[in-house]
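Letters are used for the chains, namely A, B, C, D and E, taken in the order the chains are written, and counting of residues starts over at 1 for each.
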Amino acid sequence: MTPALQLDGLHKRFGKTEIIRGVDLSIAAGERHAIIGPNGAGKSTLFNLITGRFPCTSGTVRLHGHDLAGKAPYQINRMGLSRSFQITNIFPRMSVFENIRCSLLWSQGYKYSFWNMVGRSPELTSKTMELLEQINLTSRAELPAGVLSYAEQRALEIGITIAGGADVIMLDEPTAGMSHSETDYIVDLIRKVTQDKTLVMVEHDMGVVFGLADRISVLVYGEIIATAPPEEVRANPKVQEAYLGAALQAEH
Amino acid sequence: MDLVAINLIDGLFYGLLLFMLSAGLTLIFSMMGILNFAHASFYMLGAYFAYQISLYLGFWAGLLIAPPLVGVLGALIERYGLRRVHQFGHVPELVFTFGLAWLIEEVVKFIWGNNMMAYQEPEILKFALFHIGSNSIQAYKVFMIFTSMAIFIGLLFILTRTRIGLIIQAALSYPKTVEALGHNVPLIFMGVFGVGTALAGVAGVLAGPSLGTFPGMAVVLGSIVFVTIVIGGLGSLWGALIASLLIGWMTTAAASSSFQFATLLEFFGMTPPADLDESYLRDLWTLSLPQIGPILPYIFMILILVLRPYGLFGKRDA
Amino acid sequence: MLEVRDMHAYYGKSHILQGVNLDIHAGEIVALLGRNGVGRSTTCKAIMGDLTPMGSVKFNGMQIAGKKAYEISRLGIGYVPENRDIFLGLTTRQNLILGLKPGQKDGSGRWSMQDMFNMFSNLEERADVEATVLSGGEQQMLTMCRTLMGDPNLVMIDEPTEGLSPQMVQRVAELLQEIAKRGVSTLLVEQKLSIALDIAHRVYVMGHGKVVFEGTPAELKEREDVRKEWLEV
Amino acid sequence: MTGIPDSSSAVSPANGNALRSSLPWIVAVVVLLVLPQVFQANSAITILNQMMITIIFALSYNMLLGQGGMLSFGHAVYMGVGGFFCMHVMNLVEANELPIWLHVLPIFGGLFSLGLATIVGSFSTRKAGTVFAMISLGIGELVAACSLIIIVFFGGEEGISGDRTYFKPFFGVKFLQQNEVYYLIAFWTIVSALLMYLFSRTPVGRMANAVRDNPERAEFLGYSARWVRYFSFCGAGFFAGIAGALVAINFEILTETDLNLGKSGMILLITFLGGTGFFFGPIIGAIVFTLLQSVLSLQTELWQLYVGALFVATVMFFPGGLAGLLMMHQPAMRLGNLGLLVVPYVNTLIPAAIGALGLAGLMEMLFHVRHAAVGDIEMRLFWITFDSHTILPWVIAIATMITGFWLAYRNAPKLRE
Amino acid sequence: AETIKIAYIEPLSGPFATNGNTGLAEWQYAAERLVNEKGGVLDGMKFEIVPFDNKLDSKEALIALQVAIDQGIHYFAHGLSSGIGHALTAAVTKNNARNPENRILYLNYSAEDPALVNDACSFWHFRWDADVDIRLDAITDAIAQQQDIKKVFLINQDYSFGKAIVAAAERGLAAKRPDIEIVGNELHPIGKVKDFTPYGRKIVASGAQAVITGNWGPDMIGVGKSAIDAGYDGPIYTISAASLGITRTFGAAGKDKIHVVSEGHLNPPASERAKEYTAGFEAKYPDYDIIQPRIANAVEMLARAIEEVGSAEDVVSVAYKLEGMEHDSIWGGKVYIRPDNHQAIQDIHDQVHTDEGITFPLDNSEYGTISRNVIKMASMDAPTTCKMERPERP
């Protein structure tokens, strides 16, 4: 079976500095995969390379076996890949409802049509409401998204990401800036909405990572130093040194 | 040929005048990210203030007093207008300066009326400094050329050599961090806007006598200044200088040429239609380069933007 | 010297600091520990006036809550932000010069540029190179030195060892001790427990926008429960 | 522009209530039908016609600015070019006695402008922001300059004129009178406004908002930001062309002033004055501005000064425009406590208005003293005739101005609740 | 008593407001001084000038015209911008055909496009100003008399007015002095040139001995100053280089170089009556000058026509009465309205910018223009292509 996402020899340099130095990674369909690593290791950059936000210097990215080279973000999205952003990236002046509805449009077959009124379709509306229910923002539907609280915006961010119905979902630090209880809620939400989808996630909260991921890749200075199930990663001394940090070392 | 030399000087003169305006605009833009549509209005205010002062104290007093006055006015507008609008975002800010330009023009008309002011060069510079062929070069123009060179060097010095220049440049990337180091960034912003508008004021004081002091003078130069800094690359002082000179020479060359497009058409083997007056192409056949000279910079800008959206020397998109 | 009482702070509507209490005495190194995102950086920013805190913040007895960042800085508080903030297009030397307060001359304070260069020879080698090309470690050095140039009486340093190699970490520890020696108080925000516990005189642990533990490093070592709940992954 | 809610998107998700959503349109149709009965003078009708044309133009501009986030300094080009083309069609009809109704002329204008927009948009909409704005400025200058050079199409500074009465009579109507034209324009105003409203409900219209707010994210939703901008741009061009055609019909002449930078700047100001955040904002802007322009300019020579000041004040104090100001009261209205606002309003706005009148009076007196003929010392202001060369009126004006503004300043904090 | 209203449709705001306001002052003064003070017409009906702001925009002018017609006004004055003149002529012709009961007459005192009395002429339009053809006839006459002039430079704004000047100048020079060479013929965009220096250079480089320009406003000053600064020393023949700040700005630099060719003249005063009239105006409006002397002719002749017809409402009769009317102008000489195209034929003066012998200076400066040369009844029998539709004589 072709992996959902396959990275081969991925390199990226900005000017002189090489940020991603040869990443090979294969993520199976239906897998929940987490990428961890110190700040500045290149995790977000990796996301950006996969989703076509930056072009790769060399290497290939394959989505369900299709090469993504040279594809614009919107084309990649249409092939069934969707992502969220580390820095909240929503449509601040539009209502929450509208944020979600816009995210649904393409997958519902609206495309660039001039004759379909989006308000006319009860199906679209009910789907939107359903999603709002899931991310717990029904009561906020009519507010401009820009006035939501930080946590609510994070929830919306995830809602926008999953709305398009893509089967590969990439989340960049979905719980960043959330409190414990919110984090738990989001973890449940993520688990629910990615039921039989492929999930790739960057996260610093180890509770979340170990709770959700089937496998974990550790990215350090642009290289993956380990890819393994959570327990193995936790035990790996290299990982402890590079990422989990001195605190743990001191303890052990 | 003599005419070429003269045109180079004239183009330099006009280009440097444009530069004085675009330098202030570039300063304001690079520092504060504001495209100040009212910039040319401050240029106009400079000319009017200097004219008013020159009536009582003479030209030189005007040159000394008017630009600081304009600068103070600019700083006040930054403090009480722009800073308030700033929080609403970039578009309202731009629209604010747009409205400000309108308002300043109306106020100028209210105070000074619609007529051309008889604002004159100082007597001691009113002579032909030298001749090239039968053409004379006025001392005043040479004076202007040197003044704007001095401004360029001064600005470059301020921007690269002094701590203020450093602060300005640093605040571009991390204003909050600069503030945490003990520098009063809002005050500097106000100061920069003041200096930028004062520079426009200097341009007004100097250009008023030679290009005319009338309420339309801001509109005439307003959009061309934008074209200049966009071509040069927003925020780049060198870019502004190069673009100003390019535009100066381009328009001067166009105005002084007598090129007919018919020549070009004939070169491509076309023949003028028999009944030119009835032909749909008659306008093309009678077109000459001086006729379209003033719009060349706009064509140039569109080309630049399509090919190189950051302008010649720009680092980033606004 | 610094006295923070019931400080609250918001980002937009999210309530990040929910009543922080802190004390720093003259010449002391105080470590502020806690997990990612509990609000340690926000605490620094709120003290610094980057965002407006509610509650009381007193520096040498003077209320500074609500003052502007540059005023606070001029009173003698220095801040080293966590993401370095190297100014684009400026050289190392120019970055250092910007650390000087308006009107201040190099060498008039506790620290001169030459002191900095003596301590970190890499910086001297790279003095006239554009600072953004420096390595991460050097950039971290530079931001610290930049702040010290302004001769503060209290420095708040946010994650100085992040991304540094072990020997660099050692140098930073030395610098921190040097700072204390010259009579400057330090508020150190750290994740690497070992260093913090080594050099700090006192420790605060933060959790969810509040201080949840306060004591000496030795006391913290005793408290297994605090470490388990608030510090470990 | 953050913080300005966008009504077009804040519409109730439950959209079953067809009556509620069509009510404003029905009211608009009725009002348009009744207006000419109330204002019968030809000149009033002409002003109404101009108002409706400005409404279409401003709405089309807001398709760019408000909905698509594209700041254009050259939108008048599309109105003017469409109008000029229609003028030529009109002259062709006259010359060849073509059996065409005048009613279809706007379609010609719209399509022609659409054609131009498809060409210009292909390179100008690649980026939003400054690049788009400056290209629009360049194109604006270019076309305005061409209009004086390409005489075959633009007729030079005289422009192109024609005669609408040569069209095939529409059930006996020959469009000799302004009020016959009125109904034609009203028809097209309703149709265009409705179409533009519906456009904002199409996927492209919705995505235009998304692209405006966050083009990068929009790309990750499957839509190309560039194509979305392009379609909005073309749509805006089309409706501007319709407005241009109506200019051709109403005035039977088009000149350079219909497409120059001044016109483009004007429509920017009008749209902003009305409010870009709401669909009906530009409509309010167009109505208010046309009234100001035609009524105020009859009263005072200083009208442009006042309009400029009004404009700057709007941007400074009500960045949402007049529509934003109105909509600010919607929550209070829903809660039914609009009444609570009356007292602070009276306390603030009335002194502010009085202060503004005092200031205006002062300006008028200054102007009169400086510009009136020697010996002409009487002036009329606010229905009072007085001698502008005595002290008393000045004292009164200054005093009203100062007390008015002072009271308003003092009471303003209370208004913010 | 009731008044006879004359709508005045000109820019009263915007960049050309001063032109509009000056004209308004002149119309009001003329109506007051020449009609109302003498007891009005038709047993005491006074003239009233009703100003409308057209913002220098054709559409606004048409709206203003509509308002005027709605108010029952039968006469309107307009002159600034031939473009608007065309729009108004067309509108008046349409209105008078569509609404016979609300007809209105167009008193054109300044829009100088020759087309208005040729192809685009209208029965309802009368022009008291000398048009481009007539003025250029006078200018070329003046040049033709100076035998030492061999080279002439033309510089004009690139629009119909400028082009009409070029055409008339070329025609006139070719007919009167075939030996004169046109060494330069520049058309520059109107109001867009910031720096005229290159044009000044071209004038000097061409060795021109006379310059002809129809430029007005800042474009006029630009051309004049740049030529003089570049070292040009010959005469500059213009159509509108007086007052409105221009005279003051040229000052000493333009002395004896700037020629203004127009009908009517203030210096030397043509008669005691002209002197009194001008002095009265200067006293009443110290900031303005009489720059359109023909307004006095228009007012007097309209009053005469109304008086003779016996009604101000019967505009068809008034129009027929004006056709062919001969009138002794306050500025000396005669004014005759050609019936075939409604153009006034009158004396044209070549006036020079100077500070010597000036009774009535302009712009509150020492400088003014003084008549040096008169062309009597210029272009009396110039051909016209006007074919106007005439209504039935009542």
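We adopt the following convention: contacts are C-beta pairs under 8 Å (C-beta built on N, C-alpha and C of every residue); 3 or more make two chains touch, one makes a residue touch a chain.
Treat the numbers as computed from the prediction; the structure is a model and nothing was measured.
Colleague: Give me the chains shared as neighbours by chain C and chain E.
Modeller: Under the touch definition, chain C and chain E have B as mutual neighbours.
Colleague: So which chain is the furthest away from chain D, centre to centre on CA atoms?
Modeller: C
Colleague: Rounded to the nearest whole Å, what is the centre-to-centre distance of chain A and chain B, using the mean of the C-alpha atoms as each centre?
Modeller: 48
Colleague: Taking each chain's centre as the mean of its CA atoms, how far is chain B from chain C in angstrom?
Modeller: So the centre of chain B lies 46 Å away from the centre of chain C.
Colleague: Just curious, how far off is chain C from chain A if you go by their C-alpha centres, in Å?
Modeller: Roughly 33 Å, centre to centre.
Colleague: Using Cα averages as centroids, what's the distance between chain A and chain E in whole Å?
Modeller: Going by mean C-alpha positions, chain A sits 75 Å from chain E.
Colleague: Find every residue in chain E that makes contact with two or more other chains and list them.
Modeller: 17, 158, 189, 192, 287
Colleague: Residues touching two or more other chains, restricted to chain B: which are they?
Modeller: Expected reply: 109, 291-292, 294-295.
Colleague: Sort out which chains touch which and give me every pair.
Modeller: Listed by label, chains in contact pair as A-C, A-D, B-C, B-D, B-E, D-E.
Colleague: Which of the residues in chain B end up touching chain C in this complex?
Modeller: Against chain C, chain B makes touches at 163, 166-167, 169-170, 172-174, 176-186.
Colleague: What part of chain A is in contact with chain D in the complex they form?
Modeller: Residues 51, 53, 72-74, 77-78, 82-83, 85, 89-95, 97-99, 101-103, 105-107, 110-119, 125, 128-129, 141-144, 146-147, 160, 164 of chain A touch chain D in their complex.
Colleague: In their shared complex, at which residues does chain E touch chain B?
Modeller: Interface residues on chain E, with respect to chain B: 15-19, 158, 186-189, 191-195, 197-199, 201-202, 204-205, 207, 217-218, 221-222, 225, 229-231, 244-246, 248-249, 251, 287, 363, 365.
Colleague: Across the complex, what residues on chain B touch chain D?
Modeller: 35, 81, 84-85, 88-89, 91-92, 94-96, 98-100, 102-103, 105-107, 109-110, 223, 226-227, 230, 234, 280-283, 287, 291-292, 294-295, 298-299, 301-302, 305-306, 309, 317-318
Colleague: Help me check something: in the complex, which residues belonging to chain C touch chain A?
Modeller: The contact residues of chain C facing chain A are 11-14, 36-37, 133, 136, 162-163, 191-195, 208, 227, 231-233.
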